[in-house]
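So the structure is just underneath, and the comments pick up after that.
Going in written order, the chains are labelled A, B and C, and every chain counts its residues from 1.
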Amino acid sequence: MKNLAIATGNLSKSYGSKLALDALSLEVAAGEVFGLLGHNGAGKTTTVNVLTTLLEPTHGNAEVAGHSVTADAMAVRRAIGYLPENVQFYDSLTLMENLRFFAQLSGLSRPDQRIGDVLRILDFEGQERQRLGSFSKGMRQRVGIAQAILHSPSVLFLDEPTSGLDPEGVRTLRETIVRLNSEFGMTIFMNTHLLSEVTKTCTSIGILRGGKLVHQDTLAQTLADFPGEDSLEQIYFQLESEQVS
Amino acid sequence: MNSTWTIAQKELLDLRRDRLFGILIIFLAVATLISVGVAAASFRTELDAYNLYVQQLSASGSATVPAAPLLFPLQLLRGGVEYLEILGALFAIVLGYGTVAKEKYRGTLQLLLSRPVGRFAIPAGKVLGLAVVWLVVVALLTVMTTAAILVIGNAPLQGIDIARILIAALIAWVYLVFWSSLAIGVTALSHRLSTGLIVSIVVWLAFVLIIPQIGDTMDPDNQVPGGLFATLNILKADELKVLANFAGFDGIRNGIEVSSVTKHFERLSFAFLGVKDKYNQLPIGLVWLDMWGYAITLAAATLASVTFAVGVTSRRNLQRKIS
Amino acid sequence: MNTFLVSARHEMLNTRRARTAHLLLIVFIGMVIASSVIGWVTNQTVTGIYEKVVADGLTMAPNPFTGVTPLYYTRNAVIYVLLIGSLMAIVLGVQSTLRDRKMSTADLILSRPVNSSARLIGQLAGLGAVLAAVISISLSVSWVIVSIINRAPLGWADTGRIIAFGLLSWVLLMTFALLGMLSGLRSKRETTALLVPFVIWSAVAFVLPQIGTAARPVSLLNPVPAVSSTGGYFDVVSAITGPLSVTEQFKRASSIILQDSAVTGSATPSILILLAYLAVMTVIVVATPRNRMRSGLHE
């Protein structure tokens, strides 16, 4: 039997009368890099918000790292790391002060050693005492990754991690994601618009449309199932159009 | 001038749809009405006590009748003037801050700045817009409080009283424009928007509350409940003679008070409304002869504030880091 | 380290780094110290006036300041706590809860194993420590100045009274900090978040006492509470507005603690009212739903 990092069953979320997620059932195996694709407003951020316990589902349930997001939200929070879209920090605090705060909230009582390790992984050595206000967008995004992995989570959620980054920033981030998955065994759940990044980073994908999951499989199988198409982009648009018609 | 007026019109439209603005003005209006009502109730209580006293006197066979308390209708406006002085200034700051802050928050600032408008059109349009808003608000408050004097206070008003009320309204308008302009300038100068609001409020705290309070606290006669000289049974003429020996101290005290524009507004309004006994029922011309200095300083302060707002609300300052 | 302590320490660090908070703290400490000096200069002048009046043979009345307590010089601190301190506490409270909504750091915090009540109580404790430090510094300096004016260190009894006044000030400022926190959690815009508690403060400090006592707004800037007008209307209304006028209750209790001869009676009812407000506000803030703590701003 597959060891599942994430499993949802008939998961729905409404905002008033608007249905943002419609009976979502998806599974992500442990150790995968999963890419959730979809247009703007398809429900990607809502999915991540429910899985990270920031929002409560209206119906259905979801388990992350073996814990229910509704019945055992605290256990889920201990097991996950999260990088929101357009992450921001306390600009008047230094890099070290920001990370120490988040590490302590994650339950690390003496976090400085671990913060040092994470800063080495993300190439921040020597910048511990700089205030975040002076950091570029790319650097902030890497700080975002740093705060998310401080407590060595088993599942890492990234919401549009490449949003607003320059090509160099995108490449650095991609390398970091691959390394976190391969070296540290983290399961990664990523929302993104960039299909080229999905091809280079993800091992499996899901496609959301209007709050419904219209496709889910490994990337290799998806590509194999559409022998006539030579890129993920073409497959994506074909799947989208099938649903429309 | 065209683009200035266009921006002013936009501010008017924006504020007309702004719920917060509506709430503030209603709050100010209610507080002012309450103050007229409370002052009228206070006078009636005093009158009742007087009537009771007279009854008791006549019951005891006394023929002497003490003078009845007199109602001077415009004195019912004292609380209202003080609300404008304190809360009106605070709300003027909020509106001034809002006109700059909203453009930055919404990102409409870039849209404005990319248009072919003159160097001073944006700040001048904003000041003009708020000046019109305050004109309308002051006019509404004037009509409302005048009606309140007639209805709640049940007091008759003469033509000259209306003239005095209109002069007080003009003074209030100048005072409110002062605070809105100051807030526009301070917000344009601030890197962080919330800093603009907080710094303006610290200035408000200093000029509206602290400085007048210090002046009041330092008044020797306020040191003893009921007044120092009254406690010592000293006549007014002797009081003045004694105080002449302490002119230095009183000079410093008065200097502290008049360093606040709020005190100028207060003294002017109280003089024209006859709230201060010295000016009660005095012809307007004589009041003006005594108070023109304050009128000049209040007008000069407002002119300086408007110049400050228009001067510092430059493209460069507006486009500083937005946070 | 638990959420409570981490949040408290983080709040103190943030306040230490915020320049606007510094501005308000300096104004507050400066004014509390200045109030002692102003009190002294005025008292010297009044004594001079009295001596002149006696020398001119204009009065036989005793000096109204004979036997005045040294704490008289601190009486103006009451009004500065109420004016500057309250607004400072509101600003600190608003910033503490609004900060995480504005920067979306609330998502980073709430996706961790954090109990939302512990987080809010921790923030409140951090603010409490900052306010306690500010009050301690200003009243300590005030103690030194009054001792200098008095030409002898203040005795234990007077020192105890200053400490009691400090504690009461802390209770009042925490109540306003909580009002700020609540507004920071509930408002949709930053401007509203700052403005609503200011308006509530002005209604409590000026409008409510006026309705009950006929005191004019400017006269409410005096350190002693407004004396209630007597008569049918005012007797009824002041019975209702009196307990609601939290600032007047503070003035009353402080005046009694600092032995201001203008106010007599027991401070206990006023102190209990202030404590009740603190307790109610704490419950309201701590009960804030988790979702509310991360809701975005409309600006």
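Observations on the structure shown:
Throughout what follows, a contact is a pair of C-beta atoms (placed from the backbone, for glycine too) under 8 Å apart; a residue touches a chain by one contact, two chains touch by 3 or more.
This structure is a prediction, so every number in the text was calculated from the model and none was measured.
The central chain of the assembly on a C-alpha centroid basis is C. Chain centres computed from CA atoms place A at the largest separation from subunit B.
Counting C-beta pairs in contact across B-C and across A-C gives the higher total for B-C.
Look at where the CA atoms of subunit A average out and do the same for subunit B: the two points lie 56 Å apart.
Averaging C-alpha coordinates per chain places the centre of subunit B 25 Å away from that of subunit C. Computed from the mean C-alpha positions, the centre of subunit A lies at a distance of 46 Å from the centre of subunit C. Taken together, the subunit B residues at the contact with subunit C in this complex read 20, 24, 27, 31, 34-35, 38-39, 41-42, 44-45, 48-49, 78-79, 82-83, 85-87, 90, 94, 97-98, 101-102, 105-106, 192-195, 197-199, 201-202, 205-206, 209-210, 212-214, 216-218, 220, 222-225, 228, 231-234, 238, 242-243, 245-246, 249, 266.
Listed in rising order, the residues of subunit C touching subunit A in the complex are 1, 3, 6-7, 10, 13-14, 17-18, 99, 103-105, 107-115, 291, 294.
Of all residues in subunit A, only 52-55, 74-75, 77-78, 80, 82, 84, 86-90, 92-93, 97, 101-102, 104-107, 109, 147, 157 touch subunit C in the complex they form. Against subunit B, the residues of subunit C that register as touching in their complex are 19-20, 23-24, 27, 31, 38-39, 41-43, 45-46, 48-50, 52-53, 56, 58-59, 61, 64-65, 76, 79-80, 83-84, 87, 91, 95, 189-192, 194-195, 198-199, 202-203, 206-207, 210-211, 214, 216-218, 221-222, 224, 229-234, 262, 299.
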